[in-house]
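One structure follows; several queries about it will come next.
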Amino acid sequence: MMIEEYVREVLNKGRRIDGRRFDEYRKIIVEKDIIEKAEGSARVKLGNTEVIAGVKLNVLKPFPDTPEEGVLIVNAEFLPIAHEEYEPGPPGEDEIELARVVDRAIRESKAIKLEELCIEPSEKVWGVFIDITVINDDGNLMDAACLAATAALEVTKIPKYEEDKIIRGEYQGKLPLRAKPVIVTVAKYGRRFLVDLKKEEEEIIDTKVSIGVFDGKVCAIQKQGQGYISLRDIETILELALRKSQELKKVI
Amino acid sequence: MKGNVELIIDGKRLDGRKPLEMREVEMKVNVVRNADGSAYVRFGKTIAIAAVYGPTILLPKHLQEDKLLVKVRYSMLPFSVDERKSPGHDRRSIELSKVIKNALAPAIMLDEYPRAVLKVYVEIIQADGSTRVTGTNAASLALAMAGVPMKDLVTACSVGKINDTIVLDLNGIEDNNSQADMAFAMMPSKNRVTLWQMDGQLTKEEIKKMIKIASDACKKLYDMQKKAIRGAFK
Amino acid sequence: MMIEEYVREVLNKGRRIDGRRFDEYRKIIVEKDIIEKAEGSARVKLGNTEVIAGVKLNVLKPFPDTPEEGVLIVNAEFLPIAHEEYEPGPPGEDEIELARVVDRAIRESKAIKLEELCIEPSEKVWGVFIDITVINDDGNLMDAACLAATAALEVTKIPKYEEDKIIRGEYQGKLPLRAKPVIVTVAKYGRRFLVDLKKEEEEIIDTKVSIGVFDGKVCAIQKQGQGYISLRDIETILELALRKSQELKKVI
Amino acid sequence: MKGNVELIIDGKRLDGRKPLEMREVEMKVNVVRNADGSAYVRFGKTIAIAAVYGPTILLPKHLQEDKLLVKVRYSMLPFSVDERKSPGHDRRSIELSKVIKNALAPAIMLDEYPRAVLKVYVEIIQADGSTRVTGTNAASLALAMAGVPMKDLVTACSVGKINDTIVLDLNGIEDNNSQADMAFAMMPSKNRVTLWQMDGQLTKEEIKKMIKIASDACKKLYDMQKKAIRGAFK
Amino acid sequence: MMIEEYVREVLNKGRRIDGRRFDEYRKIIVEKDIIEKAEGSARVKLGNTEVIAGVKLNVLKPFPDTPEEGVLIVNAEFLPIAHEEYEPGPPGEDEIELARVVDRAIRESKAIKLEELCIEPSEKVWGVFIDITVINDDGNLMDAACLAATAALEVTKIPKYEEDKIIRGEYQGKLPLRAKPVIVTVAKYGRRFLVDLKKEEEEIIDTKVSIGVFDGKVCAIQKQGQGYISLRDIETILELALRKSQELKKVI
Amino acid sequence: MKGNVELIIDGKRLDGRKPLEMREVEMKVNVVRNADGSAYVRFGKTIAIAAVYGPTILLPKHLQEDKLLVKVRYSMLPFSVDERKSPGHDRRSIELSKVIKNALAPAIMLDEYPRAVLKVYVEIIQADGSTRVTGTNAASLALAMAGVPMKDLVTACSVGKINDTIVLDLNGIEDNNSQADMAFAMMPSKNRVTLWQMDGQLTKEEIKKMIKIASDACKKLYDMQKKAIRGAFK
């Protein structure tokens, strides 16, 4: 309780507990290609929040309605190491929501040229598995997760495929990409709009909107939390998200 | 594939509607006798039944919080879709349950029921697009009928972009082939937005335009909701 | 407790809480073809009890021992909306028992001409999925469920199947049927036999026998509950079930 | 397919039995040392072991009732059948567990153990038809050996119709190809029927005839059960 | 508690509660071919501990890296009849550990000539399923389980396979075997080493090492329990295990 | 297949090591900010992160014991291996979690925390052989950093037999093609062995030789562990 009151007090005074401006991200560190066994990978640190995304490619049967397109699967796991309240077990609603919103940002921006991932129409296409694992949760997992996923895709290579077999460790080229989507999550506290909440801030702020952005366009929106925004907030939120997305794009 | 299917011909949608025309909407309350509150909402062929049980004391004790815990479960009946859906909660249902919970919670006076739980169930009887907003409307009515104290009703609709045209209330084939679709809910008397989801590609200006259309539509639906409630007390 | 005592008292006086005779069903309403997306469907109301059955057809591989026969699968779900004690989750023993007894009534009466549902021997047959969903439980789900299933089968159509694809919404004809099985559940309270128990009656009566009937023959029997019947009750139960089955058949 | 296989040739069943002849029956008690009561029952090649643990206090407290809670779990070992059955409780096992529970419960003095739970496990070691009745006989013996107060033993057998002939105690191939098969259990000294299941096609008259055959057989099995119990106390 | 103290007291005096020597097994009874439906089976009693192992054969697709070899699958279930603390449900860590250690003893000793179980390379091989079921647990399940598995394998026959079908109950010959692995579990209490613990002894002794042995060689080692052994104990344990393995081999 | 692959050529292993040479080892502590203690250990390409939460009171009460309950969970990240591993605890992970728990428990002063629980999580970030021993080393460091009272650190390594040669610290290809591989852990200052697993074929003499190699290696690793801990307090 004490911490929650302190966070509120600081916010009410127009400041944040770590001294940042309301529209300021924590220090972002992106490291790519950190897992040799993955076809692509990246670690993202947003302050103390740490997320690793790994991309694995596998040969799959395509969906019947898109017989010549690769398949994208995004999965998220909040590892039990990442926070004392995380327990092992099947994915919870927060993990599923995070994975599905990142999935939409990547899918709707057409970030991956899935149409170039066909091996044999109706029979074999590449499946792109993006696994997002949270190593330490100090808030704003959504933005960190999308950064990590996009950064990992940037360095993903397609394995060689010969005589119906994947040759792991040897590659035929890069994964063909079209866009670099990022997600900016804008929170509302009183009449103020914040980005990049720390965990302590998330405990007391229950209204957030995640906006997926690429090339100046919006590709995903997800309002979160048990609060509401006003109709007139919508433009403010969109503008803030579009502005901050420029910054995020640069760090990838 | 999205966007390649011809969905608007001579200014009319495949089911004959104009771009900003809703499907036929039907709303009924008290459709599940055992429930504390319940409602049926139909948008064209999309049918949702919602029922509310509670608030009741939450057990075991160590799970109690100092405000009402709202549990929402959205699911689709096996025969509600073209290809039979096997029973059980899939990832999509889990996400939508959370989204609907977050759409309803801002309207509920949670502080009035510490240590209690409220169960809201949304069953999609038939699915032809816009199931989450249809279900949200039904759940909001069911809450009201259950006598749960609320700041306002929650009213929801969908809006999307098909064949470069902005349309209201997407049906199934439009949803599957849209350039963008947006789910939206608000407390109409206060202009408070409680559900906002989008996938697709849109500019900021398009979004603003769609929000205007959606909020106008919600106000009409709001009148229908109020009428359905009043009807029950006639 | 109060309600249970009241129900007992009324029964002991030879009456029922809603004024019905012991061998009288509540008002039965059957509506067919209520779900356009299903190949067949029906809603049954038995007083305040409401059940919806939906039939979906799919193409399956047949069982190896019946390579030229369609496949029947019956499933039941007591939706959490239907009663305050129903929780979401995997099917419980009551749901499974209900589904399996209805399955037997349909299967053993050979209600569906499964032998006419072969598309390609050993490879493709029609699978008939009957999903029974309980919308409101005010007792006697078994009889309501079988009525709903049989009524839904009555209006079930087989989709067109062309070039290895099901064309949903277009049909090649009706599902071929042979019989209209119904289930009559007879309960025993003291020395009396009752049909169509309301929920409050089920709370205090723990001996029931469900009898599946078609064409004057018995196709399924399931004794339920933690009570017993006497050997000499068997004839009485069978006669009551056979007699009431005539009524039920008429409403489908 | 049912009814097409020749199962009776020259008045004899494929295993040489006459229509109303039971297979060899073997009954042993106290076969599981750790259990409070246990029994082994064999009908031909069908082998069941049942064990009882309890009654013990039911925890957590809020689950307690004012009478004994009986839990029954029937399952088949993976190697008990022709095609290996993967471990885990399938729908058939869940139904049969309930049916056996309802067969045993009427014989148990449930009121004597408020707030308690009794666990009854039935394991089918080998399955060649009539497993639920074999298991019920074993469970009844195990209850008696555990000292659970009972109104009577519960005795069970199967009866069926194959090649238009009524037969007692179906084996596996008969079960799979029967025109009808009926599982039956009773408290023999009181003519109380506690398990009655049938699937197939039968007239009322056939059912009456089969019930007579089954109840007569149960009385013989009842003597064997009592003998097995007495043997343990010699 | 009382029992635990008693067991300790007796052990501290250099004796065991049932009067055995520290390196003495209880009476071992092995019965083979007890389940007609299984392709092989055996019941092992170690005093009051009773285990049944059944072997079923099925036709499977081989693993891609061993396209001409049969497949071994070992599974263990502590039946709820076997002990008051065993509950039904998915296998727990003890069941999984037991199955995996027995699996290793059989696999690493190359007990089954898996290379002779190929039906059609890359397509069809025999899968050997060994199911170990504990009927009564009075301690030392590991040794009893391996004995039962090895004994069951000894009498396992391969079913006839004609026209892509297994003909159950008819056989083409015996399962080809190479070795008879056994497991000896050595426990440490104070400075003493014991074999074949009874359940009451297991309650107070938390250091055990299971040693898989065949032909005088070691094929599996698994230290168990929350205790430790000293470096210098290793030789003693190995020697005791090798010595006792001779005895066990004889009873199969 | 085991033993057929040429893994040692001209006295060198495929990655250039001599038989008794370890891969490059890296150890870091406090790598997970939220945890009470954490560590990162890398053996060549095998990377493990361990984190410890607790001890905290175990709830609900009836599960409490008179000493500390240690829970260990070992798992491999989906992208840590060549073929993506789908998330969830498989049989191998369940066994290894138990084995690692039994490796750590003897070093922890369990009696000091009655009624409490300690959670130890081991995540394999990348797997190239010897993951359980890499994870054990990380877990032991994490315990120390969490301030859990211990009798000694636990130090682990693997030793195996490939191409008839005994080697230290198996990598992935060696593990998959070994004639024998052994996982080993000890409390180095007291010569107490807490983890000992082997599969393959070995004589008693070979085992003794391997134990000597492993325990010597553990003593070197022990120094590295202590250095990593000291580094954190500099």
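The first chain written gets the first letter, and so on, giving A, B, C, D, E and F; residue counts start at 1 in each chain.
As a convention for this text, a contact is a pair of C-beta atoms (placed from the backbone, for glycine too) under 8 Å apart; a residue touches a chain by one contact, two chains touch by 3 or more.
Computed from a predicted model, the values in this text were never measured in an experiment.
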Steps in the shortest chain-to-chain touch route ending at subunit E and beginning at subunit C: 2
Identified repeat of the D-E interface (over half of residue pairs identical), from A-B, E-F or A-F: A-F
Taking each chain's C-alpha mean as its centre, the one farthest from subunit A: D
Chain centre separation (subunit A, subunit C; CA means) in Å: 48
Between subunit B and subunit D, centroid-to-centroid distance (C-alpha), Å: 51
Sites on subunit A at which at least two other chains make contact: 91
Junction residues of subunit F - those touching two or more other chains: 60
In the complex with subunit B, residue positions of subunit A that touch it: 65-66, 91, 93, 96-97, 99-100, 104, 107-109, 209, 216-235, 238-239, 242
Touching residues on subunit A, where the partner in the complex is subunit F: 35-38, 41, 48, 50, 52, 54-56, 58, 75, 77, 79-84, 88, 90-91, 129, 131, 133, 135-138, 168-169
Complex contact set, residues of subunit F against subunit A: 32-35, 38, 45, 49-51, 53, 73, 75, 77-84, 87-89, 119, 121, 123, 125-128
Contact set on subunit F toward subunit E in their complex: 1, 91-92, 94-95, 97-99, 101-102, 105-106, 110, 180, 182, 186-187, 191-204, 207-208, 211, 215
